[in-house]
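In the two assemblies presented below, subunit A is common to both, partnered first by subunit B and then by subunit C.
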Partner chain A sequence: MEEKKLSRSRKVLTFCVVTIIIIGSLYLLQKLLVPKYMTDIVEGAMIAEYYDEEHDHDVVFIGDCEVYENFTPALLWEEYGINSYIRGSAQQLIWQSYYLLEETLKYETPDVVIFNILSMKYNVPQNEAYNRMTLDGMKWSSSKVNSVKASMMEDEKFLDYVFPVLRYHTRITELNGDDFKYLFHKDKVTHNGYYMRVDVKAAENVPKGRPLADYSFGETAYKYLDKMTALCKEKGVQLILVKAPSLYPYWYDQWEVQMEEYAKENDLVYINFLELQEECGLDFTTDTYDGGLHLNLSGAEKATKWLGEFLSKEIGLASRRGEEKLETAWKKKLDAYYEEIDRQTKEWQEKQNGGEK
Partner chain B sequence: MLFTSYEFLFFVLATCVLYYVIPKKWQWMLLLAASYVFYFLAGASYLPYIFVTTVSTYLIARKITSLQAVVDAYIKEHKKELSREERKEYKAKEKKKQWRLLLLCLFINIGILAVLKYTNFAIANVNSMLTTFGSTAKLDFVDFVLPMGISFYTFQSMGYLIDVYRGKYEAEKNPFRFALFVSFFPQLVQGPISRFDDLAKTLYEEHKFNSATVASGLQRILWGYFKKMVIADRMLVAVNTLIKGPEEYQGAFVFAGMLFYALELYADFTGGIDITIGIAETLGIKVTENFHRPYFSKNIKEYWNRWHMTMGSWFTDYIFYPISVCQPMLKLSKFSRKHFGEIIGKRIPVYLSSFVVWFTTGIWHGASWNFIVWGLGNFVVIMISQELEPLYRMFHKKFPKADKALWFKIFRVGRTILLMSSLRMFDCYRDVPLTFKMFGTMFTTWNWNVLWNGQLLELGLEVKDYIILFLGMMLVFTVSMLQRSGSVRGKIRTLAFPVRVIIWYGLFLVVLLFGAYGVGYDASQFIYNQF
Partner chain C sequence: MKKLVLVLMFALVMTGCGKEKADDSENNSTVVENQNNQENQGSESKNDEKTDTNKVTEPKGYVFEYNGVKIGMDMEAAPIIAALGEADSYFEAPSCAFEGLDKTYSYGSFEIDTYEQDGKDYISTVFFCDDLIETPEGVCLFETKADMIKAYGEGFKEEFGMLVYEKEGMKLKFILEGDEITSIEYSSTVLDVQ
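On to the complex of A and B.
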């Protein structure tokens, strides 16, 4: 009897040990295979960085590359005492922005949410790789579930998001040093969501937009913009719509009219930075690093200054400089910020000198 | 619902869990419900067809059995009064009634299959003939649904009916149990074509959860997925590229494509059957094996005894033998012997029956000429092989040791593989003239350097894919070799527990990591699903 009991408990123990080993190894394998986005394409690492933050922001930016490359929270803090964060990723679609906003508002209630409206032009999911860069970084919540459901392309499966190993299994033959180096930790790739570039590539011959068959924004895009508006109203957050000062993708006049009308109808502030280029002092021969698609640090600082003035004076956001906790946190962040400026500037200069030689 | 989809895995898992949780007497009912849900999910419009087949076969089989019972009872009752001749006469008279019922049921079911599967083929041929004769008139094609697995469940049901008619066993009394025999979901998609007396008992009996049986079933499923997802679906990429570019890919490319397709088809079909048998095994149900290492066959006849065995035996039992012994054929045999001599006279009925079998085999695979030509190609090769038998005997008499020599075995196996692969090209290109043309280019376009100059890397597969394919095929080959001395799973069971875990978990990881699935791969149905 005793022996039988012993044999049974041994079996149970063996089963448990094997199960733990299998699950553990699968977990490790999954972590290994998931792209780390630490070098080259860093956009996929942006969304997850938010969770390491203290959730006490005055302003949260939501949107695509037109926010995370065109506005710098470090300057907003330094010059206006505004504590802000950018929740943006590459080609972030409007429903992804909505669900990111929904998730953000579960963590905190900022005074202002700034949404860049370029993604209004997309009415259906566009690209699996971009979906992944936005969605993989999100923590699991109802917001992520809904965002995944809204974003999936035809050949995507929800289960692939739950178990990313099913999606990234083919990377087994493409693993590199980064996959092992960043298995358990990741470096920061942004500065409160801002992706910094100090190099310059002047905007020359920016193409005009091709005529479209239909300039109306889609129903789905409007649906999520409505949801965003309603959510902000419900939470007592002021929603500001912006069109960042990127020259390309082309922003059509017909789109502008629709956005102005929407803002008017919903009593929202709408700022089109394309019309404020002069006021901001933007010079697209020096303030962009990719020929007008995105601003470089110099351009982002100019646009941010304008915005900082607006937020302080028009919206009435008070400076929080002097708050000990924030000062301590920002000191560290600013050190990293300036260190990165120095590093990139040096690299850029070396590149230029090399080019001249 | 693809066998390789998450939905299918979830469906099987849920069915298995429920199967062992519910009272055992309900197990077969659950399987029936699951089978109909599976079929409904595949296409609600398919349901009426399987329903008609099930009901018509059940009712007519029941009627035949009751008529047979009446005959038996009458004969038993009047045994003393009736002479042997009278009994025979009475039996023959009553058998005719059963024969008419059998014909009616065959007419309904083969009719459904023929109309749904072959109408457009017939229309295409009529149109082609009209054009040949200068007519501009054309018949319109019809848009019929082709229910999933119709060829399989129709043949399975008709096999059952013929067996009942032959008095092999009595018709199943319970219509729902019979419905399960027709629709059992793991084998509905691509067979095997089971016999009622093989499957029924194990299908309806109560099964107690047995961890060893379930584990064994899961192992078989895993092995099936390995063949399907790691080998077949990866090979498919190159095969598709080669087939879709006949102008570009000729000569040695055709040779490569021919072998690639042979391997793909093997891994695809045997993998699918492994999954089917594995699922049944996890439920405690034993499904007939369909393959016996076919690529180890030394000749085509042997190959067909080892490939898709349930289909082969179906055609033998229900087409070849009935045709061979039917009255007209016996008369023809007599006539032939009288007029052409014993040697030729003996062959004519056999060849005629074989011709019908291979024609039917061809057209069963698909409603197009390429399948018919493929079937008849097999017939021709088998007949030639039979006619050359005396030559082989002479050879073996002269070289008695050759039969046991390894090189000769390899030669014969290689020859069979090449022959079968050549015939499969009809299946591959799906166009008879094109297949002949492409086959010809192997001898006219001399570009064998493409096999090693890197051009095979332009077919959608990278070096790593070829490495995975090579290692995968080596594993399949090793397992096949080990199978010669018994079940490989049985051998693994005798190993130490940690080794077993490493082997099966390792295989799982191989499927997980090297399987051709997910974004970037087209989810592909099993090749035999379309038949």
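On to the complex of A and C.
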């Protein structure tokens, strides 16, 4: 009898150990196979960085590359004492922005949310690779579930997001050093969500917009903009719509009219930085690194300075300089920020001097 | 116990195999595949073989012709651009995250867009800028819908307000304002979303 009991216990124990080993191995395999986004395509690592933050921001930016490359939270802190963060990702679609906003407001309630409205031009999912860069970095929550459902292309499967190993298993033959180096930790790729570039490539021959058959923003895009507006009102957050100063993709006059009308109807502030180039002091021969699509550091600082003035004087955000906890956190962040400026500037100068072979 | 291990291993193998098939039918658009494209540029790889099957050396579908140069969708751009001579202006746009440039060459009356795959540029669009040029079938800007139908027939579809003729994996798109053609565009379908 005793022996039988012992034998049964052994079986249960073995079962548990084998199950743990199998699940653990699958978990490790998955960790190994998912892209790390640490070199080349760093944009895929941006969304996850937010979770390491203290969630005490005055301003949160939401949107695509036009926010994470055109505004710099470091300057907002240094010059205006505004603690901000950019929840940006490449080609972030408006439903993804909405669910990121919904998730963010579970962590904190900022005074202001700034949303870049370029993504209004998309009414349907566009590309799995970009979906992945926004969605894989999100922690699991109802917001992520809904964002995945809203974003999937026809040939995508929800289960592949739950178990990314199903999607990425073919990488097994193409693993590189990064996959092992960043298996358990990742480096920061942004400065509070800002992706820095100091190099310069002047804007030339930027194409004008080609005629469209229909200039109206789509129903789905409006649905999610309405949801963002309603959510911010419900939470007592001021929503500010912006069109960043990027020259390309082309921003049509017809789109501008629709956004101005929307802002007016919903009592929202709307700032079109394309119309503020002169006021900001932007010079597209020196303030962009890719011919007018995105600003470089010099341009981002100019646009952010205008925004900082506006947030301080018009919206009334008070400076939080002097708050010990924030000062300590930002001291560390600014050190990294200036270190990165030095590193990139040296690299750019070397390239300018013909150092690049 | 053995059963559990076998079931789990079988499930893993089956999910792997099932996905492999799905991968093969995809159009080189995933993160993994985009990364591979960067890493494997210039080298022979399974990916290269797969994407090369999309490429055409001969014009397909409706083909625009200018000064004797045939400009078909998804054809390699370099020989066409060389044959056309220096463009009036040139613009290139990197994607938000991925490597590779989308390029626009302007030739006054028309523009050519290209996309990059595996280190080579391919024709994605020919766009008419004025009525000094016409399609080989004889349609130019500011003509009427009737002229379009006379040249291309009734077999068009309406897509997002455009009238679209699809042929051999490319699209010829017309935009009309009232009865007047205001836009003519040859377009590759390789980069189309659903």
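Of note:
Heads up, the rule we're going with is that the second predicted complex is superposed on the first by the 354 of 357 C-alpha atoms of A that agree within 3 Å, B and C clash if a C-alpha of one lies under 4 Å from a C-alpha of the other, contacts with A are read in each partner's own complex, and residues count from 1 in each chain.
Note that in this section contacts are C-beta pairs under 8 Å (C-beta built on N, C-alpha and C of every residue); 3 or more make two chains touch, one makes a residue touch a chain.
Keep in mind that this is a model prediction, so the values were computed, not measured.
In the superposition on chain A, A:Lys121 makes contact with neither subunit B nor subunit C. More residues of subunit A are touched by C (comparison of subunit B with subunit C). When the two complexes are overlaid on their common chain A, residue A:Val18 makes contact with subunit B and with subunit C alike.
When the shared chain is aligned, subunit C comes close enough to touch A:Gly291, but subunit B does not. In the overlay built on the shared chain, the residue A:Thr170 is in contact with subunit B and with subunit C. Contacts of A:Arg197 after superposition: neither subunit B nor subunit C is touched. Contacts of A:Lys36 after superposition: neither subunit B nor subunit C is touched.
Of the two partner chains placed around the shared chain by superposition, subunit B and subunit C are both touched by A:Asp155. On subunit A, the surface patch touched by subunit B in one complex and by subunit C in the other comprises residues 14, 18, 22, 128, 155, 160, 166-167, 169-170. Interface of subunit A with subunit C (complex): residues 11, 14-15, 18-19, 22, 26, 35, 40-41, 43-44, 64-65, 90-91, 124-130, 132-133, 153-155, 160, 166-171, 174, 176, 204-207, 210-214, 248, 290-291, 293.
Residues of subunit A that touch subunit B in their complex: 14, 18, 22, 29, 128, 155-157, 159-160, 165-167, 169-170, 172-173.
Contact residues on subunit B toward subunit A in their complex (touch as defined above): 6, 464, 497, 501, 505, 509, 512-515, 517-520, 523. Those residues of subunit C whose C-beta lies close enough to touch subunit A in the complex are 1, 4-5, 8, 12, 15-16, 19-20, 22-23, 25-26, 29-36, 38-39, 89-99, 104, 106, 111, 127, 160-162, 175, 182-183, 185, 193-194.
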